[in-house]
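A, B and C are the chain letters, set down in written order, and residue numbers restart from 1 in every chain.
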């Protein structure tokens, strides 16, 4: 088992036996084990990171149920409230900064890379917290139609999003898509980096102790290949965010898209360097929104003379 | 409402349907003069026109009625003796309606005594707009009582009511109070009759009929001077109330110049040429 | 003179009468302005050319089943040729053109459509069966307006996407349906060209004539050859087109079934795709609504274009306390609708588009009755030849009936009642589709609440079936993805 850096030791003569952590998943605000009882042990440079749940189809289903149940009330919260809840995540992460850096190092990052990823992650939370009550103004419109109607278009959340998180940036990659998904009023089920799942679990613990309502974010650990057909076909899932380099033929992206077509899911494949500043932007919020247009007649009477 | 009204104007009426329609329009006209400058001579001319729309065209139907101020009712009655053209008289301090109920009833009484077959009263728009609906209702009911056997047309003066909701409300009020006809306008205020306003009133008539079984007539007045527009009104009546209302017993046009335009169209249909303005009589 | 006088006097009592079904005399639009060719080729690289396969099929007038003209069936080779032409034009000319110049070409097209609108309207009605009143008042003016609207965007794109540099995608493959042939072509072509893409468009096999007239206009407007290519033919042509490797973007309007197959077919590619598919829209009619206006809107919502409308309001959810009144008024209004010759200006409901569609509608009429719903049709006369369907109303419908779940694409309205706002929302959203919805109430706060709660891309409050080039259109869920119209319609044709 990988060892954590011990920054302070009470008595170097008698090193204490560390308590090993049981990594569980995050579903509906709780931390269940997989119902399947299966686990796997990802390894970095030959060392095992610990035992992680190998999510089953049933775990996926439970997570989607939780996400669906939470979606309407999450979307109905005021934008200001969502903004504060997201900001609270940053406060929680800041407090766990050291742990998050340690864990990234355990998962193979250099100290510098790890610190940079954590700091950028926290900044990103703050960035999207600020967008919650602003993107609507940027992307909405009042449309000058020729008939006497008031006509406007606004963004609405797509619904429940399944997010296959970045393999390589276990914290920043995950947040870089979860945050815009949440900012837009969606709820999300994430499949954590299968090779580096620790950060996602720690993040879940931050979320559980923050103000994010249960079910808004759900985190599964496991294997994409095993789950892909199930989430691509699950009819309660409205969109899929696939953080994977595109490989054109016979890739997992292809089979996900093929299955997703049965329920016309919106499938977005991302292959972005999340460390780059331009890859945080409100267009990612828009990707998980639907444009709704509303028409209403306008009374045709004005001070320049009644027109009826 | 405006969209539905526009649909009526998109109906194309040609050939035999147009011939029938034009004749029906003529027969529904309340030939009207309501001017401060009206004189006995003017009224005589009007009555003559009512009887002889256009002597060069045989078999023309006549108009439904002439519509005059109360002081000309007895003259008109004499002029139209022996015909079944009705005499309609405006009353109740037309066009503003701003006087006491007592005076209004006296005016109605005089007009009826002088021989008016129909009374065109105006509602008290000021009372209506200030929310005194009971007053408006009672006034109409009192006038109706005074009318006796004369048919009562209630002018809402829709151009002063401000919006279509008020038009609907006033229509319901007038019918409940006993109106035999509801009528859009005095002709003194713009806008006068329009298709959407008339449609709202027709729908009120339809619902009232559905509710009570009593048939109430409709009279758009003012601003209808083109026969094409008049035909669109007929289409609207046909598609909203049905053929039972397509009779001058139940539908009228209050107009002064419409008759001549319809005559010109009839002449065009018969001769194939567009007549000049002077081919019909100016009265 | 005295003779004439006495005539008049005796006729004073004569009462004019109207025929019982007045005014029923036909008012046929003249076909004179339309010259139909015996057969039509494809429009590739700025020229009308024969299909390499030389196969042709008849396009008919659904109102009388008479043959109008012969249309060419494109081959895989033609698809290849058209995509090449579009690619060539994209690389060498269209994408290099100054944006303002692109806009000017589009303005030209808009003006030419306006100029030849009579011709377009008659052709649309002849070929598709829709009433001339609708093609003249709605389809053709809106098509012109669409070009006019997007023309202006061509040189203003950076303002639509703050902090980004919008770039065209390349060659757009566009496949459109038969219900609004020219209008759908305009919805597809105008934004694509404005954004700097070139186009290969396939109209529906049964309604190619206006697309081919549009091709003529594109020639007249002097667009660079290959900027717009039009391939006629059946489904396999569309399939070959969207799957062609030389295509960068696919835009499809049509059935949900075909939309899914396109999404599946494109799974192996990163090709951009927008789909505008079916719907099963509900009207929510509350007791406080202006009932007469609502009835008018509901009638317009389902009987417009014979109900061949993806956003047709095919379900009516009416508050129980007013349902009797509403149904009675609906029936009365339905009785005034005239079904018949589409070229007659007085026709409200034209011909059902094809025998196949007619059969589908009949099946649903049977299924509705078999499921226990009560069917009502006004007693209007129907022409002898051609495909016709009376406006139809079903009452006593339950949520699980096929007629309240599946898209019929015909003049068939299913009426259900509700009691509370929550029930109304629940029933309205109880569908895989999500294209549009109608709300009828005078209560402003309720309009805004329902506008937010209903899961549909277009909400018509106290109105229905309104369209405008400035207004985004498109659906949620299985009604597809992407928007057409307005600023939002640009995104489909740009990358950053």
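Note that contacts are C-beta pairs under 8 Å (C-beta built on N, C-alpha and C of every residue); 3 or more make two chains touch, one makes a residue touch a chain.
Only a predicted model underlies this, so the values are computations on that prediction, with no experimental measurement involved.
> Counting C-beta pairs in contact, does A-B beat A-C or the other way around?
A-C
> What's the farthest chain from subunit B if centres are computed as the mean of the Cα atoms?
That would be chain A.
> Just curious, how far off is subunit C from subunit B if you go by their C-alpha centres, in Å?
42
> With centres defined as the mean C-alpha position, give me the subunit A-subunit B separation in Å.
Their C-alpha centroids are separated by 70 Å.
> Using Cα averages as centroids, what's the distance between subunit A and subunit C in whole Å?
For subunit A versus subunit C, the centre distance works out to 38 Å.
> Which positions in subunit B are in touch with at least two other chains?
In subunit B, residues 1 touch at least two other chains, as defined above.
> So which bits of subunit C are touching at least two other chains?
If we look for residues of subunit C contacting two or more partner chains, we find none.
> With touch defined as at the start, can you tell me which subunit A residues reach subunit C in the complex?
Interface residues on the subunit A side: 138, 141, 143-147, 149, 151, 153, 156, 158, 238, 246, 248-251, 253-258, 260-264, 266, 269, 281, 283, 290-297.
> With touch defined as at the start, can you tell me which subunit B residues reach subunit A in the complex?
Its residues touching subunit A are 1-2, 159, 162-164, 191, 194, 196-197.
> Tell me, which parts of subunit B touch subunit C in their complex?
1, 3-4, 10-18, 20-21, 23-24, 26-27, 51-53, 55-56, 58-62, 83-85, 203, 210, 231, 234-235, 238-239, 243, 246-247
> Which residues of subunit C touch subunit A in the complex?
145, 162-164, 256, 259-261, 263-264, 266-270, 275, 277, 432, 447, 451-452, 456-463, 466, 468, 470-474, 476-478, 480-481, 483, 486-488, 496
> Which bits of subunit C are touching subunit B when the two form their complex?
The touching residues are 1, 4-5, 7-9, 11-20, 22-27, 133, 137, 292-293, 296, 300, 328, 336, 345-346.
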